[in-house]
Every structure is written in structure tokens, then in C-alpha cells.
Amino acid sequence: MSSPLVLTLTCADQTGITARVTAFLFERGCNILDAQQFRDSTSDRFFMRVAFDPLGTNADELRGSFAKLGAEYAMEWKIVALDRARRVIIMVSKGDHCLVDLLYRLRVGELNIEPVAIVSNHPREVAIRTDIGDIPFHHVPVTKETKPQAEARVREIAAETEAELVVLARYMQIFSDEQSAHFAGRCINIHHSFLPGFKGARPYHQAHERGVKIIGATAHFVTADLDEGPIIHQDVERITHSDSPADLVRKGRDIERRVLAEAVRLFAGERVLMNGNRTVVFRG
Amino acid sequence: MSSPLVLTLTCADQTGITARVTAFLFERGCNILDAQQFRDSTSDRFFMRVAFDPLGTNADELRGSFAKLGAEYAMEWKIVALDRARRVIIMVSKGDHCLVDLLYRLRVGELNIEPVAIVSNHPREVAIRTDIGDIPFHHVPVTKETKPQAEARVREIAAETEAELVVLARYMQIFSDEQSAHFAGRCINIHHSFLPGFKGARPYHQAHERGVKIIGATAHFVTADLDEGPIIHQDVERITHSDSPADLVRKGRDIERRVLAEAVRLFAGERVLMNGNRTVVFRG
Amino acid sequence: MSSPLVLTLTCADQTGITARVTAFLFERGCNILDAQQFRDSTSDRFFMRVAFDPLGTNADELRGSFAKLGAEYAMEWKIVALDRARRVIIMVSKGDHCLVDLLYRLRVGELNIEPVAIVSNHPREVAIRTDIGDIPFHHVPVTKETKPQAEARVREIAAETEAELVVLARYMQIFSDEQSAHFAGRCINIHHSFLPGFKGARPYHQAHERGVKIIGATAHFVTADLDEGPIIHQDVERITHSDSPADLVRKGRDIERRVLAEAVRLFAGERVLMNGNRTVVFRG
Amino acid sequence: MSSPLVLTLTCADQTGITARVTAFLFERGCNILDAQQFRDSTSDRFFMRVAFDPLGTNADELRGSFAKLGAEYAMEWKIVALDRARRVIIMVSKGDHCLVDLLYRLRVGELNIEPVAIVSNHPREVAIRTDIGDIPFHHVPVTKETKPQAEARVREIAAETEAELVVLARYMQIFSDEQSAHFAGRCINIHHSFLPGFKGARPYHQAHERGVKIIGATAHFVTADLDEGPIIHQDVERITHSDSPADLVRKGRDIERRVLAEAVRLFAGERVLMNGNRTVVFRG
């Protein structure tokens, strides 16, 4: 078996797409390993993900010949290697529980990523109390005045490292609209609350104040409205009247890290497709 | 064993309450079956629920002698029979899934309630397609103009039937502030959504539009703000991009009925105490 | 749009199946609505479900022409109407909570089934306390001596009613191996416990005795070993030390009915394919 | 406020225990912070946990005077400091995901423990790939022949370090009956499966083979039968037909670590009381 490739595509729904795409691969001797599709009857859009063994066919060649089919259906599409680790920048502030978790999962082989930089608005000794090995650390302080420069610096790091994904692992600075637009579709945030419930500051305290019986966390793509981007994954946990705000923070930490890690895993497997302000998540 | 009684109380937190209350029962020969307490360090309030076997001691006598202790600590308190079925009015509109569920659970002995009336703003043949046995049905139509009279009629029915609880089992009319105040602490609503996420109309469609990955339902006491009363119980279920609004409605129905039934069960067991805009729920 | 059809198939995994199947439909002018596939790398089997709009093409004609492709790949396959209600026999003993639930879901349009018979080993007044409308009720008593005749009678009813599915909705008699074999792949049982944990009698009491913190229920196809057939769906709920066996039974009832209903819904949508002693469940 | 103390007790159920215990504390000027009790109607045992502020009263003095009451009711009881970190030995084999998780939670203040030793049957470089700071590491190899000596060495380490709890954080050696007896009630194991489902080796592979739709993990006290001790905590996660055994192992790791951590947290808070082969868990 050659290294598997994955084709993802979206286009307006039309008859015959699946047949045409699978025939394309079949004719070139590729063996489909997994195929999933979805028609959104609301938006009349079609979404597809096909993982396949190219059996020696060259990826570039495939891209070249698929372009015609892609154009015919006005698809957004890409064909990429499935096993190649995605180059990722991890951004943190003071709490490192999501970072620790991502690095642990990377180590045991759960995440197909390669961290090319860790960026924090705090100095390393403040931001991180875990062993980050030889991952380059960048301290990029942010003040109201220096925000434009700081964001430019992050874009620069992303360009230099050829990062494919920026993970906001409890990074507590809000991206400017411009920065959000720049990283659109390739920046995942973990919102430390069950959206759309409690936006803004200290959501666990809001939740406690409101007396809810379930709390959660939400991983989503960053858009101009920081807490409103397309949702990738969510999870929840029960709480009771006897849980203090501190208990909620503790339970929330656990939800946050597993929700963020799952979102990154799905992204790295090319399993998340954007559908307007929503996502299509092919779990396989 | 005599028929068990249950004492519930709340007051400002002070030293010795538990000792005084349990000593009171002990001295009168009562045997504690279950006792739970909670101190809310935020509000500095104390909450307690004690189920006990009075071993022959008269309930009225107990109430008489407990009054002194209650006054000393400025408690809100009550002592009631635990096993007596709570008299309940169930209000419905067109969807009867919660009603059907409540009646089924009543039949198999899950709910310690006695439905004394079913009230609907629709005629019986529209509102209900299930067998309600000999529970009196009241059609109380509501229009913008007749709302005050309609609400007065409901209060009248509640008075006549000596109802202890009004259950809004997907009753789609909004109570006036006055009506909410009248039934404060004895009216439970099921909100067909995971609060505080999607208030207002068609929450499942909102949830679909927003692309959330988890939906839920919330049972809460009715207050002037219909969707904001103290939460009693919540539950959730996962959804995916392939769930249509109709799927969400279907899944939601299931969550709604079990969340509402659990809230009613907890209320009937004197397990829900009000704590400002929150609840203390002693699950036992 | 014509009435949609659904094609399900399984065969040994080979290159090009998806392409051949989707091309087959495309060439006949059929429009794919939803397609899902799965390769089991353990057993090297391929599974596929395609829902499609035949756009006027005749179902019988499609079956006729698909037969060649089916033979070429040695598929087990079928093409059936998606919207036609599945003819179902519901078997019950004394507890009717699953029956009540199924009938309710049928009424509100959640289940695409048509109950053609209700069979019980108890007389109607013992077995059922709900309104079953005009569904024929059959009392088929079972004793050790009459079991063969009783089972023959059930097979007879199934033949007469052309039943496609037998649902054991808390039917407490164990099928003989012969009966299990007769209904293989078209008989769903709800096991009132989280398999493979507590087999045999009174599983909730076993669970309480063992002090587990989570209980559940399992819907599975019936095979010779009543509790060991391919699992279709499961669900669980948390319990605590303070839950009595009676509480477990109460909570279990709720899990049972929703797990069984979901299994029936999946079956009726041609979403459950057999994979040896396991199932492939295409949730869509 | 003085440093809080916690009293836990169990005895045969009798009238007046709660009253006597709370009166005892009240008379000595102690202020109850949290009290929970449970009567097991199956075994007729009574269980209680009271956290209290001694307001300056000496713990030793309290123990001295409580002894009389304890004797009167034939209680098993203890009064200990609530905030003191429990001295813990963590035992690991090759997988360190539970160890990493425990150490992380310790660092961020979630766990009130002090690791006094890490013990592995493998050398440090094999067993651990995380930073264990200055926690002493002991390599105690185990072969069939040396097992008695190895177990004696562990007991020795426990004695030297005055360990209060032994945590088997994916320690893959089975304790002898003698070792299990020695550490009875103070050794917690994480069983990498949802008990009582899949005992023995490679439970996730068994679960995959069996086609279950939910997997889980179980934290329990170690007894002679390694997988059958009193259960402290469990959790589960859904799986589908498309999850490979490797996916199950990945998902299982996540469940295991959070279930074990929660069990340790509960133990360290004196929230777990033994009730024969079950536990009473006061979650507070």
C-alpha cells in the first residue's frame, strides 16, 4: 500500500457527483479506503471526503487531472497526504492544561501534528510549566498599543513556519477582525463554556450564578466574532448545586482539554469541512 | 413504621442548626431515614431536607413544636407527609408527548402525583390524543383580549382543585407576570432547549442554524421571565451535521419528556428547594 | 421527486465497488440522496447503504439490472422502498413500557412501522394497559410443554401478517434455538441490562448487588444465545449508592424504551447491516 | 476558621446516630461545614461523613472524647485533617498516561495528594517519559520467581514512606492475595474496561470483537480478585462500528485517566466509604 491520500470537496449539490468522483479514482487505479458524503438540504451544498490508496499514482498528477472535474462542478477541493503531520502553532496564555494535553497526546501518537511554534503573550516561565522539548517558544507580548504589531508578528511566525493550523489553547487575547480573517478556516479556539450560553468573561462563574445543571466547552473556528465561529466539537458534564465556581473551573478544564484535542484530531485528519457558519464533521 | 414525614427548611447559615434539628426529632422519638444539608457559601444560606419516620408522633403536634425552633433561626420550613400524592394541574397545548409520558409514569408508579385537572388552550380533541381516564379536562382558550380572564380561570381551577403544582407540559402560552407571581415556586415549565442558549421561538431550528453539536432541555420554575426561572433539571444529547431540524425536534421531544418527568418527581419528593434564582436539589 | 429507494449491500472488499455502484445508479438517472460505506479491516468485508431518488426508474427494473453487478461481486444486497412502513410484530409479557413507547412514537411519526400484530404470553388484560387501537392482539400462552406449538403459532402469525420484523418489547420467554434461527436478522430484543455485564435474571438487582455506578440497556438481534446477538444500540445512565434496586428498575425502564425504539427506527430505515456477530449501523 | 477536620463513620443503623454525632460536635463548639449520611436498607448499615471547623478544639482531644460515642454504637470511625495531602505511592508499568494525568492535576491543585514514591516493574527510562520532579522512583522488577520478594519490597516502601494510598496507575502486575489483603481499602486500581463486562486481557479488543457500542473504565479498590473489588467510579464513551481496536484503546486511555483521577480525588477527600463489596461515595 502507498501512503494514503485524502480528497475533500464541497460544491453545489448536483446529480452524479459521487459517481463521477469515485469513477475518477477507480479509473486511475486508486483504492477507496473510506468515503463519506453529505448533502445539506438547507443550503443545497454537497460535501465529500474520500480517503484512498493511490496505489502508486502520483499525487500531483492526480491533482492535475482532478482539476478539470473540480472546475466542471465548481468545487472547492484539495487532495493531500493523509499521514503527513499537520504543522501547528499553539498559542497559550497562563493556563497550560490544554497545551500539556496536546503535547501528551502528540507523544503517545493520538494526534497527527507537528508543533512548529508555541506562542504566548506571557514569558515562557509564566506561560508554561511543562517540558516543551525543542519546540520553539515565542514570547509575543500584547498591549492595547502594540496589538497590531503583535498580531503581525504572529502572522510572520505562521509564514516562517509554514503553519497549517493555529490552535488557541486557552489564549486569552481576542484576535482583531483582521487577524481572524487572516487565519479563517485554520485557527481553532476552545471556548471555556457551553456556547451559545455564556459568552464573555468568567463563563463558569456566570454558569454558577445562573444555577445551571450542566456545563460544557466548545471548540470552534475563529471568526471575527471570537465566540461565534463554526462549531467543531462540544462536550458537557453534569454539575450540582454543591459545585462551587472553583469546582466548575476544575471540571471545565477537563472538558476543555478533551474537546480541543478532539477538534485538532479531526482537523488533522481532514475531517472538518466548513459549511457557511456551520461545519460538516466526518467522524469516520 | 408510620407513614414517613419530610421536613425541609432554609435559613441564614448558623452554627448548630443540624444538631438542633436532629436533636429535636430524636427527642420526639422520630427516626431519621435520610438527611441532607447544604450550605451555600455564596449566599450564606443553609438548606436541609430530613425524611423521617415519626414513629407515631402526630404531624400536627410536630409542626406545633417545631415552630419555636423555626422562629429562633428565622427558617422557612415545612413538615409534610412524604407519601401523599401531590395534587397537580397539567397544562398542555397541541403536543402531548410530555403529558403522555407523565401519565404513563404515574400509572407505573414512578410519580407520586395525582392529576386533578388537565388544562389546555385548545379543545380536547386537538390537545390530546391519549386516554386521560377520568382526569377533568378544561378547555381555557386564550386570545390577546381574553388572557386576563383565561389566567383568572386557571387560578380558579387551581383553587378549586387545591392544586399544589402546575406543570406546563409544553403549554405554549406565556404566563403574565401576575400569573407567574401567583404560582411562584409551584409551577414547573419545560423549556424545549438547552438554556440559556436558545431562548424564544423555535429553539431547535436556532440550534440547527447555529450548527451546535449538542442539544438539550431545561425544566425550571416559572418566574416573570418565562425562560429564566430557577433551573431544576437539564439533559442533553449529541447531534451531528446530518441531523435535520426535524431530527432535532424528534430528539428534543425525548429529552423534554424525561427532563420534565424528573423535575416533577423531584418536586413531589420535596427534593427541590429554592435558593434565590437557583435551586438546591437533594437527589437522595 | 419519486419515492426514494434504498440499496444496502455487503460483500468481500474489492477495489472499485463504490465506483461501480454509484455509476450504476448514475447511468440509470438515479439521484443519490445519501451514501455511506464501511470497510471492516478485521473481516475484510465491505458494507454500503445508498438512499436514492429513482427519478421514475422502476424499482423492479433496477433490481433486475443490479443482479448482474451483485453477482459479479458476490454481494448480499437488496433494493427496497425507503418510505414504506415496515410490518412489525410486537411481543410483550407483563410490562408494557416499551410497547407504550413504540406506539407513542409511531403515532407522532418517529417510527416508520406498521404493527401488524401484538403477541403476548399473557392475556390481553394482563399484558397491556394501554390503547392498542385496532392492532390485532394474539394471546399465545407458553408452558414448558406447549412451547413448540406456541413458537409455531408465532411463526404462523408472522407468515400470515407478512411481518418483516419481530420486536421483543420485554417479552420474557426465551426463544428456542430453532425459533431464533427462524427469525435470524429480523428479530430485535431489548436486554434490560448493560451487556455483557449482567446476563440472566434480575440484572438490575445484580447491578445493585455489585455496586456498579452506571447501568444500561442493550438492543440486539436475537440469536441462539438470547443475550449474545449482534448489538444494535446501547445506552447508559449513572447511578449512586443511594439508588435502590427499585430505582434501578425505574431508571432502567427509561433506558430500555429509548434504546429499543432507536434500534427499531434504525432497522426500519435499513440502517443496520449484519457483520458476523457484530453490526454496522449507518446513522446518516 | 481553623483547619477543617472530617469525621467518617459506619455502624449498624440505629435511631439517633445523626442527632448524637451532630450534638457531640455542637457541644464542643465545632461548626459543621458539610454533612452527609446514608442508610443502606439492604445491609442495615449507616454511613456518615461530616466536615467541620473545629474552631480551635484540638483534634486529638476530639478523638479522645468521640471514642466513647464510637464504642457505644460500635462504629468504625476516624477524625482526620481535611486539608492535609494524602501520602500516595503511584505504581506504573509501561503506559504512563494515568501517571502524567495525576501529576498534572496535582500541579494545578486538583488533587490533595503528595506522591511519596513511584514504583514500576520496569526501569525508569522504560516506564516513564514525563518529568517526575523529585519524587523518588523505585524499580521493583517482578518475575514469577521473585514476586514474593518484589511484593515485600513494595510493602517496605509503603511502610518507609508512611503511604496512605497505593494507586495502580495502569500497573500491569496482578497482586497476590496476600498483597491485596495487606493493602485492603487503601489501594485503588483502574480497570481498563467497563466492569463487569470484559475482564482479563485486552478488554478493548474483546469489546471490539463483541461489537459493543459503549466502552468504559472502572476505578475500584483492590481485593483478592483483582477486577472485582468495590467500585468507586466509572465512566463510558460511545463507539461505533468504524472504531478500530486502536481507536478503542485511544478513547479508553482518556476514560481511564479521568476515572482514576476522580477516584483518587474522592479518596483524598475522605469521600469513599466501604460497604461490604460496594462503596458509599459522598460527592458533596
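Here the chain labels run A, B, C and D in written order, and each chain numbers its own residues starting at 1.
Keep in mind that, in the parts below, a residue touches a chain if its C-beta (ideal position, glycine included) is under 8 Å from a C-beta of that chain, and two chains touch if they have at least 3 such contacts.
Chain identities (UniProt): A, B, C, D = Formyltetrahydrofolate deformylase.
None of the values given here were measured: they were computed from a predicted structure.
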More Cb-Cb contact pairs, comparing B-C against A-C, go to A-C
Computing the C-alpha centre of each chain, which chain sits at the greatest distance from chain A?
-> B
Using just the Cα atoms, superpose chain A onto chain B and tell me the rotation angle to the nearest 5°.
-> 180
Determine the centre-to-centre distance between chain A and chain B, using the mean Cα coordinates as centres, and give it in whole Å.
-> 41
Cα centroid separation between chain A and chain C, in whole Å?
-> 37
Residues of chain C that touch at least two other chains are 38, 240, 242, 283
Contact residues on chain B for chain C in the complex?
-> 97, 100, 104, 107-108, 110, 129-131, 240, 242, 250, 253-254, 258, 283-284
Which residues, counting only chain C, touch chain A once they are in their complex?
-> 15-16, 18-20, 22-23, 25-26, 31-39
Interface residues, chain C side, partner chain D - complex = 38, 40-42, 194-198, 208, 210-214, 216, 230-236, 240-242, 244, 275, 277-281, 283
